[in-house]
Amino acid sequence: APALAQEKVVRIGYQKYGTLILLKNKGLLESRLKPLGYSVKWAEFPAGPQLLEALNAGAIDFGNTGEAPPIFAQAAGAPLVYVGFEPAAPQGEAILVPKDSPLKTVADLKGKTVALNKGSNVHYLLVKALEKAGVAYADIKTAFLTPADARAAFERGSVDAWAIWDPFQAAAEQTIAARPLADGTGIVSNYQFYFSTRAFADQAPQVVDAVLAGVAEIGAWVKGNPKAAAAEFSPLIGIPAPILEVALARQQYDVKPITPEVAAAQQQVADAFLALGLIPKPIRIADALRAPKS
Amino acid sequence: MSPTAQSESLALGAVPSVARQEAAEAGLDAGLLGRVRLAALGRALLPWALPLGVLALWQAAASLGFLSSRVLPAPGDVALAFWRTLKDGTLLTNISVSTGRALTGLAIGGGIGFALGVLNGVWRPAETALDSTLQMLRNVPHLAIIPLVILWFGIGEEAKIFLVAVGVAFPIYLNTFHGIRTVDRGLVEMARVYGLSSTALFWRIVLPGALPSVLVGLRYALGIMWLTLIVAETISSTEGIGYMTMNAREFLQTDVVVLGVLAYALLGKLADSLTRAIEQRALAWNPAYQPGARGVA
Amino acid sequence: MEIFAASDADITAEVRAADIRATFSPPTPAQPPRRWKGEPIRLSGVTKSFGARPVLRRLDLDVPAGQFLAVVGRSGGGKTTLMRLICGLDSATSGDVFVGEARVAGLMPQVRLLFQDARLAPWQRVIGNVGIARGPAWREQAHAALQDVGLADRGRDWPSVLSGGQRQRVALARALVSRPGVLLLDEPFGALDALTRAEMHRLTERIWTEHGFTVVLITHDVAEAVALADRVVVLRQGEIALDVAVDLLRPRPEADGAEAADLRRRILAAV
Amino acid sequence: MSPTAQSESLALGAVPSVARQEAAEAGLDAGLLGRVRLAALGRALLPWALPLGVLALWQAAASLGFLSSRVLPAPGDVALAFWRTLKDGTLLTNISVSTGRALTGLAIGGGIGFALGVLNGVWRPAETALDSTLQMLRNVPHLAIIPLVILWFGIGEEAKIFLVAVGVAFPIYLNTFHGIRTVDRGLVEMARVYGLSSTALFWRIVLPGALPSVLVGLRYALGIMWLTLIVAETISSTEGIGYMTMNAREFLQTDVVVLGVLAYALLGKLADSLTRAIEQRALAWNPAYQPGARGVA
Amino acid sequence: MEIFAASDADITAEVRAADIRATFSPPTPAQPPRRWKGEPIRLSGVTKSFGARPVLRRLDLDVPAGQFLAVVGRSGGGKTTLMRLICGLDSATSGDVFVGEARVAGLMPQVRLLFQDARLAPWQRVIGNVGIARGPAWREQAHAALQDVGLADRGRDWPSVLSGGQRQRVALARALVSRPGVLLLDEPFGALDALTRAEMHRLTERIWTEHGFTVVLITHDVAEAVALADRVVVLRQGEIALDVAVDLLRPRPEADGAEAADLRRRILAAV
């Protein structure tokens, strides 16, 4: 009994869409952590910001999100550290228009209304895509909407375009034949990141590594069996398997520790957000990296 | 308008006896009796006429293609989603988990709201000291204080129950306070003159006098109780009707969203019927609350 | 929407007619009482039960237009119930009630009832309660009525600060100011001292004489009944136990002759 | 407990005259007069004692390091955020934009809720047909139907105002309905016997009788009005206090979140004080609503 | 929390003492009245004004323990106000009121008041209203009291279905069942017919005789005052206009001799 009482817990936050939920479902992690004297407590969050909100409040130890939420969390002083990333998946986000839209290129967006989640990875995509197309950000109208609301506005024609990520992107493409003006290719990287708190990463690095190893294992499996993964995923999140398959195929699965290049790319995102006034003060991604293993 | 027609729509509490008498007369004639029974059935069904009418319109619009099924699925699709989630047990699990949270929150928050309403209602100094603060707290949006709630209660059940409790406390507080403040002062004087202790005064005069209003608060709180869950269950949930709905919304499963909304509506109706039953029992002395009663005019 | 669509049209027509009449016939107190404005009341075989409790049993009663009828009876004897049937607030279990030509079914616009409890609206000031129906020139009329009942200086008060007798007088003022075809008075003087009561008697008698409406007065004071009424009816166990005419000349001083005393004794015996 | 002490905390409506009398006696003595004034000042400040106490505790906890400023910033930080947003004008813009939406929504929703409450209160058939449906609708969570709202109203102001209107309609509906149903039937009888038309009956008897309860509904609605904005302003907003707060929450700017929460609290208090002022004017006839009134016990 | 912490301790002690006494002294109606339980009332220089309106002016009044005092006066004359001062519901603008030894400040536990309006709790059945204080064996006592006022079969009814006189009798039952040191009756018989009224007179007199409390009775019926009271006080314009002892032997039949008639005339003249 005393041994049980002393058993330690790692609290992992996951979102409905991503590798961690599969990891949870497959039960791969528990066996890896048992030898380290840890058990897992899973906590589900509707989106990245809420997950980091919990991380900030010390309610979870580990989690993953896209590239935008950690920038705000760090700007707010959250004690998070980047512990890993999935390779760039620029196709996993795009700017969509309805199928019969007259808009043909990003440059046509001038004067038009674009729906997007404020301060998300697609916000960065939009900024960069406009920059590339030579349209000033101030020359378009933005409508900040969550994916579900944006979909309604998009279908109703309240907005001309919609910057969105997978799996919503895939769903829109397949069910209403939305047409991408541009995806992230050649414009942005669209990484997925894994985080822990500074305290937890320092105190139990072996656990962090074990979780990352679990992520790698599940990633390899998804990559090898996209159909099976989609079939397994589909009932969990309620998105039809064919759509999921497309979305999963656009993801990359090869979790790695943060490299300087990735940190630099992320720093660019942070700087772009600073320029947009989304964060009040400059931040240094380098400050939120895991201490190199001694 | 003839006098008779007038008495139909305008007459006062007295008129039920007319109705009874008419029914009795009608009873002499079997055909009439049948018609009377039919009328009673009609009255029982009337409350459902509007919802069912909307449902029919909705199905018609969906069938005729006026509605994009991706935004508002046809009733048939929702029925399918209902059947699916019923079969795999998730619907019942979600409802029962949410019910547990809702009732716990109601017990705690309702108790606190009631106690504060009573305290501030019977004792002016308490009102002076507390009411302002409560009116401020009442206005704090749940969605905005979730980070704080997580800080205090973590991401477990406590946080969700706390939010429900806070949500239900205020309508009960306000209506209890109002009910107690407007208790007939003449009766309170009478009770004190007849030597009732403060406890007896409370149970025999103040509470019964405030009860109709308290029950209005309860009725409103029963709605809020469910509604708060949709916010509360965004905090690290995997079960619950609020979770089900918001999760489905997140992933554009409109059929499940509508199913969730319908579940909310029916739970609300259920809670409301319950309050009505309580009203009819507890306020048997008050003709305004009896089933036969008519509107005031 | 017919929610509030009472027979307003009729009422307005009534009021307008009365108005025109008032405009063209100058007030002449010396004239003989205009009895024609009162309306007759007729009850035929009226039974009223609450649940299993019979309150009125096959009651027959004819009140000619303009008569001043007093009803006397024991507490709980069904007097108030009778009043509610006449003005249409309740309906009889069986039997018919007629006011004027019409069978009572629903409220009768020409009948006014002074309730046993004063029923003043607490959110209307005293003057507003008296002129609750807000006819033309209601404020002046209400003020005059308040003066009549000795409360001219209380018009601006809330009813809640009035004494019991003062409330009753406000209710009386409200009833008298309404000048109906039939006036039902349910113990209007119960909370008044002897002197005020005598004043109110004179007031009621004067307005009745001027206006000629039909009056049904419930009272527990037999002397009052004899002093005011044309006819006294005793209600006992839901039936009429005594129905007697009071053939005394008006004005009648408080303490009458032997005839009145004899009447009082007969009525008391019947109660 | 001495009889005097008892009269202090327990006596009824009558006691204010004692207080007045005591004050008058005290007036003879300058020192006492000063003390009486001081007491009045104390009474005026007492409602603020609790919020200010909490504020002081909070600052103390933050200064002593008991509170992580990441989760709950110190009052000083919030004051800074206040100053910053005040200077750059965003705070006032946000509040005024939200106020516009709130009041428009209140006017529409409050009007509808009141009208429905009156309709169902005075006319039983309407209640039978509509009340059930309303009790169901009341329970539909705003968050879940936003896509539908967007579909109907687009992403402009209409959608936001619609949500506010829906939010405020129900408390006003419920309390109006209850208020009308419990109007003294004796007075309604009296009014009808005295020939009041239905309109006059409504304005002179039914409405004044229901008013205390309607005002409770209004009071609650004034809170809901602000609270709904936090949901409504997630729909493609760039201004508004709800937008400001939720946006800051998204970006973990806790100082702004707390600023928003405080703004909500103060707006709620403001709305509440307004209702009280209305109550004191409109219910001048009712001793329970006058400033000198005490609790019932 | 002292919100509801009235002087419960005292009351309970009182009740318990009375209880014990009742247990050990068998009821013997033949005994001389136990006057010692009544308490004296004393008003000295009592003035009461509402705003600028003076209602009582420097009133001095001494009521010995066990006396049956009747107060007569015009409507709005301040009689109810006087009662409220004695039982501590209101406080005088100046002057002192004493009940027993104690200066009245706040409610007096030994005083009971029958209000001018019946004040029945609508959510308590009739029997629950009579036994509102819920002493030991309250149900039997309440039932007996209801029997006394002739409403034995109405105990299970809601007050709302009672007639005006029935309500008043319920209130009377409630007042009599409480057996206080001082009983204040504010027009307890106003809504009763002559016969019921006479019964209630006898009832009140009997219980008073048995119990010996001090009674202050407000009435508008001078005959009633003379028939029941030891002493009659006339209140006029806030002052005592007449203070007269009624030295008639009990039991007093309704219509008394010349002495009573003379008294009545004197009182009426003073009102």
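Every chain is named by a letter (A, B, C, D and E) in the order it is written, and numbering of its residues begins at 1.
Everything below uses one rule, namely that a contact is a pair of C-beta atoms (placed from the backbone, for glycine too) under 8 Å apart; a residue touches a chain by one contact, two chains touch by 3 or more.
Each chain and its UniProt protein: B, D = Sulfonate transport system permease protein; C, E = Sulfonate transport system ATP-binding protein.
Computed from a predicted model, the values in this text were never measured in an experiment.
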Partner chains that chain A and chain D have in common: B
For chain D, the least number of touch steps when starting out from chain C: 1
Separation of chain A from chain B, taking each centre as the mean of its C-alpha atoms, in whole Å: 40
Chain C and chain E, separation of their C-alpha mean positions in angstrom: 32
Chain B and chain C: spacing of chain centres that average the CA atoms, whole Å: 46
Chain B-chain E separation of Cα centroids, rounded to whole Å: 47
Multi-chain contact residues (two or more partners), chain C: 3-6, 89, 107, 117
Numbers and ranges of chain A residues touching at least 2 other chains: 53, 56-57, 148, 151-152, 155-156
In chain D, residues with contacts to at least two other chains: 9-10, 12, 71, 122-123, 126, 147-148, 151, 189, 192, 198, 201-202, 249, 252, 254, 286-287, 297
Contacting residues of chain C [partner chain E, same complex]: 50, 72-77, 79-80, 116-117, 161-166, 168-169, 186-187, 190-197, 220-222, 268, 271
Of all residues in chain D, those that touch chain A in their complex: 69-71, 146-148, 150-151, 154-156, 234-238, 247, 249-254
Complex interface listing, chain B residues touching chain D: 9-10, 12-13, 43, 46-51, 71-72, 120-133, 135-148, 151, 170-171, 174-175, 178, 180-183, 185, 188-189, 192, 198, 201-202, 206, 212-213, 216, 219-220, 223, 226-227, 230-231, 242, 245-246, 249, 254, 257, 260-261, 264-269, 271-272, 286-289, 293-297
Sites on chain A touched by chain B in the complex: 13, 16-17, 43-47, 50, 53-54, 56-60, 147-148, 151-152, 155-156, 167-168, 171, 175-176, 237-239
Chain E residues within the chain B interface of the complex: 1, 3-6, 8, 11, 87, 89, 107, 109, 111-113, 115, 117, 119, 121-124, 132-134, 158, 160, 174, 178
